[in-house]
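These notes open a run of structures that come right after.
Next come two complexes built around chain A: one with chain B, the other with chain C.
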Partner chain A sequence: MKLVTDNLTFKPEKEYFLNKVSLEFEAGKLYTLLGRTLSGKTSLLKTIAGLQPIDTGNIIFEEKDFSSIPVWKRNVAMVYQQFINYPHLNVFDNIAFPLKQRKMKTSDIENEVSVAIHKVGLLGFEKRKIQELSGGQQQRVALARSLVKKAKILLLDEPLVNLDYKLREDLRNEFKNIITSDLSANSILLYASTDPLEAMQLNGDIIVLDEGEILQSGTAKDVFENPTNIKVSEITNDPAMNILKGSIDSNKIILNENVQFKIPKHVKNIQAGTYHFGIRASDMILDDKGFDFNIDIAEISGSETFLHLHQNVLNIVLLIEEVRNFNENDKVKINFNLEKLYVFDGKGDLLFSPFKMN
Partner chain B sequence: MRTFYLTLKYLIITLWSLFVIAPFLWALSTSFKDFNSVTGGATYIPWLQFEPSLEGWKVLVRSPAKGGVDIIEPYFNSIFVTCTASLISVILGTLAAYALSRFKFKAGFIKNNDITFFFISQRIMPPIVLSIPFFLMLGFLGLLDNLFGLILVYIVLLMPIAVWIMVDFFNKVPQEIDETALIDGCNPYQAFFKVVVPNSIPGLIVAGLFCIIFGWIDFFFAFILTFTEVQLLPVKIVALNSSVTPWWSLSASALVSVAPLIVVAFIVERYLSKGNLSGALK
Partner chain C sequence: MAKIEFINVGHSYDLSAKNPVYALEPFSLSWENGGRYALLGPSGCGKTTMLNIMSGLVTPSEGNVFFNDQNITSVKTQQRNIAQVFQFPVIYNTMSVYDNLAFPLKCRNFNESQIRTKVNEVAEILNLSSFLDMGAKGLTADQKQLISLGRGLVREDVAAILMDEPLTVIDPDLKFKLRRKLKEINSKYKTTLIYVTHDQNEAMTFAEKIIVMDSGQIVQSGAPQELFERPSTSFVAYFIGTPAMNIYRCSIDNNELVLGRCKLKIDKNLDQIKSEQLKVGIRSEFIELSDKPQENSILVKIKTNEDFGNYILLTCEFDDFEIKVKIKRDQSISSETPYLILPKSRLCLYENEKLIN
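The block that comes next holds the complex of A and B.
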């Protein structure tokens, strides 16, 4: 069983919602659509569901043209970013709705719904009204309603993004367990997210979208280790990878007159010229023998500290894995873990990565 | 200090309530008067200040042959015309409003907002402008002085209100709810009737209420488009007037004519304050 999107393009006005999106989804796998807001994630999901028209392109599912099948006959399930349920029905009837729509037997419906309610942890809430539930519980109802259908295609559109931080962390693991345990050999799971961390945790195939276009697709490891260009590195890293403009002389990397270092081993046979250098916030350390930087902002986030630093026009974000207090405008010395240096060319395409490139 | 504000609050509420209720009480008291007690100076309390008489009320139900003005038939005519026109207006208006809220229409430079405005513009025109065309059209159709003719005209007047209220209401219902219904196996009609309509009951009630009020209080078209065969309540009430103004029967008929609206208002208020209608969608 395979879902193929072939050259999907949708451009209702000036901007592309989808731009030549060609992908293949295989059954039994989890795909994460990673991209910023308005990057086309929701468009792609809605197109697969049949809720959004396309200008050109085809969707083929199980070797049949999907585009001519109306939404209500497609057997897809979708969970939205907003907590969408039927406000006039209670929890049980909400989850039973798609089954009643299929004219399933009442006893079967009761079984299926109670299994789903159990799975999402809403036991005892069957008779509650939707408005009496918290956001997290409402989203559990929506998830249960989409699971109960046993749809062949399950679409999750940033299901956790509207929840508060703590709940999101809790639900993320739980949702992941629920959906992956339900992911059988005959269903395809698409999960849209803006959060690189979430995408990495889900650990499926990642498809990086921007302005309706696919920038890169591959395993989570692959996308993390070898972002094909600067844009991908920005979308797939949080905090974003530091991109520093600099040049290469015969044997040195020059970021500015003060910050210069020798070319690391994995960067081979590089010509002199200007390049973009990428280094993650976690790949730098405080080091007394390092380069002088001024602190602009020091922010503590959980058990980590982010330092926003500058030296002349060179701006860097550095991550320290402990809580430490710094004062603004203090000076610190930092050093780069050069083995983790990325090199992008003038156009922004990846030239050298610290990891093995395919 | 707190007592002061509390006193002030209740004082203001009391004054305002008196201001609102006084005309009703006055009309009620006047409706039990006769010629002598109306002209005999300002009196308010029956038995104490004047001898109550049921003449004002009896006139309303007495047949014209015996010198009365029978308002029972016009009363039921009014109820029938208002309710039928309101029901049809709300049904058609809701369908139109849903289409205007969910689908994009385009005919040249005319788009959704223009169509919505077209509906509302029917209400912007002074009624007098519409009176002659309506008169001619109903005359052509042979529906002058006819309840169904009036219903047709009232639908033209009331549907814009329903469209206006329901477009606004549907715009606040997330489109994702309809989409979810489609995904869950409803075709567009099922999505509308099984999901959208049950969640729009507050809007439907408000739209229906407005239609009933505006239909019930109309005098102008009822006056122009009917003669002798059928009459509506507002026209009949005005017809009560003669060379000697019968304040007692006018008061009685005024009370009779606002009574249904008061009943409707109390029922709806009950529902609204229970929270049964508000907050179904957030």
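The block that comes next holds the complex of A and C.
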């Protein structure tokens, strides 16, 4: 079983929603569409579901043209960002809805729904009204309804993005376990996200989208370790990889008059000239023997502190894996883990990576 | 500008009930002039009630509120010199940006030149100078939110600016810029800023001091690093930080903590502590990996290994416990059954869910 999108293009006005999107999805696998807002993630999901038109291209599912099949006959289930449920029905009836539509036997419906309710952790909530549930619980109902359909294609469009920070963290792991345990040789799973951390945790194949176009696809590890260009490096890491303009001259990397260092071993036979050097925020450290920088602001995310630093026109973000207090305008000394240096050419394409390139 | 003090302030919306339920349990707390504070907690924790008591929209059923040592508990909102910024921008749609910013000063009968000077100054710092003649209606959500904030800043007599989830409608990219702007304003004008949010990241990034609330109670008030390293209750230990702190029931034997089959040393005299309701906690970030047993080390089995890009999160098992450990992405793991070192200075001990100091 395979889902193929062939050259999908949709450009309703000036901007591309989808631009020549050709992909192949195999059964039994999890695919994460990773990209910023308006990168084409939702468009692609909606197109597969039949909720959005295309200008050109084809969708082929199980060797048949999908585009002629109307929405309600497609074997697709979708969970949205917004918590979409039937407000007049209780939890049980919300989940049972697609099965009742199919005129399934009542006893079978009860079985199927109770399995799903158990799976999403809503045991005891069957009779509750939707309005009496928290956002997280409402999203559990929507997920359960999509699961009972046993659709061959399950689409999740940033299902956790509208939840509180802590709840999102709690549910991320749980949702991952629910959807992957349900993933069989008969189903394809697509999950859209803007969050690189979430994409890494889902640990499926990542498809990086930008302005409706596919920039890169591969396993989570490959895409993270070897981003083909600067744009991908920004989209696949939070904070985005530091991209520093500099040059190579007489066996030295020169970022400015103060910040210069030896060329690391993995950067072989590089010619003199100007380049973009990439170093992740997590590959830099505070170091008494390092370079002087000024603190612009310290941001805290979860347990991490992002230090935004500058030296003249050189701006850098450094990541510390704990919460620390820093004052704006204080000075710090930092150093680079050069074994983890990336080099991109003038156009932004990857030349050297610290990891083995395919 | 003012120092704000709450003395035994508490509030119940239903005093006639026999056992009134407090939306806000009585507490005392002071906000220093020029400070940057966040009220952090899940919805329904009482943070908005606290904010409304400060602004005068709610009169507390108990206790007194002081601005600069003056009791203002029953003073009306209009007379308190509090500026507020809400979730959604509040602007006068029919007026220009200039008139929007000038409005609070016009109402207070400032003269034209005073108004012009102040409005221009505030517009400058908020990057609104080039929009002053435009109608406010056509601006983007973040610019409108800046106007709401600017109306608080033009008044020099403002005791504090209260912000209730002010960045809800703002795009993630712009949130960063606005947070930075807020800090800049705070250091330039020394205006007390009080920021209400349920988002720990926003609170931790914005505030010098965070007041964490849960079910109508203040559970901790301190700097972000303090909340992270020494959370005063097990709730704070869970709520602050990703992942939540590892916490386990434990008992005491011979001045050591007993955790399943393991014994841990701690920098504390445990003689006075009863061990019935005792828990011990440690952050994933403070645990180290080792090949050999050492002081305070436990032998574990690695259950899962999740690559988050910036770090690797190991979930390990020992006895019936599960413990999460954060390690660097390039750290090599030589064994599936390593020792974890729990440094004794990093252990937090909780009795009845409260930190023992």
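Note that the second predicted complex is superposed on the first by the 355 of 358 C-alpha atoms of A that agree within 3 Å, B and C clash if a C-alpha of one lies under 4 Å from a C-alpha of the other, contacts with A are read in each partner's own complex, and residues count from 1 in each chain.
The working rule: a contact is a pair of C-beta atoms (placed from the backbone, for glycine too) under 8 Å apart; a residue touches a chain by one contact, two chains touch by 3 or more.
Not measured: the values here are computed from a predicted model.
*Asks:* Please determine whether it is chain B or chain C that touches the greater number of chain A residues.
*Replies:* Result: the larger residue contact count on chain A belongs to C.
*Asks:* Which partner chains sit in contact with A:Asp164 here, chain B, chain C, both or neither? Use first/second/both/neither.
*Replies:* Touch status of A:Asp164: second partner only.
*Asks:* Of the partners chain B and chain C, which touch A:Val4 in the superposed model: first, second, both, neither?
*Replies:* Touch partners of A:Val4: none, neither chain B nor chain C.
*Asks:* In the overlaid three-chain picture, which partner chain does A:Val323 touch, first (chain B) or second (chain C), both, or neither?
*Replies:* Only chain C is touched by A:Val323; chain B is not.
*Asks:* After the superposition on A, what does A:Arg145 contact: first (chain B), second (chain C), both or neither?
*Replies:* Touch status of A:Arg145: first partner only.
*Asks:* Could you say whether A:Ile295 touches chain B, chain C, both of them, or neither, answering first, second, both or neither?
*Replies:* neither
*Asks:* Just chain B (first), just chain C (second), both, or neither: which does A:Met104 touch?
*Replies:* Neither partner.
*Asks:* Which chain A residues are contacted by chain C in one complex and by chain B in the other?
*Replies:* Chain A residues touching both partners: none found.
*Asks:* Chain A touches which residues of chain B in the complex?
*Replies:* Residues of chain B touching chain A: 174, 176-177, 179-187, 190, 195, 198-199, 279-282.
*Asks:* Show which residues of chain A lie in contact with chain B when the two form their complex.
*Replies:* Going through chain A, the ones touching chain B are 46, 49-51, 70-74, 76-78, 80, 82, 84-88, 97-98, 101-102, 131, 145, 149.
*Asks:* Inside the complex, what are the residues of chain C that reach chain A?
*Replies:* Chain C reaches chain A through residues 42, 171, 176, 179-180, 183, 187, 198-201, 204-205, 223-225, 227-229, 238-243, 283-286, 306-311, 326, 328-330.
*Asks:* Give the list of chain A residues in touch with chain C in this complex.
*Replies:* Listed in rising order, the residues are 37, 164-166, 169, 196-197, 200-201, 203, 220-221, 224, 236-238, 280-282, 296-304, 319, 321-325, 328, 340.
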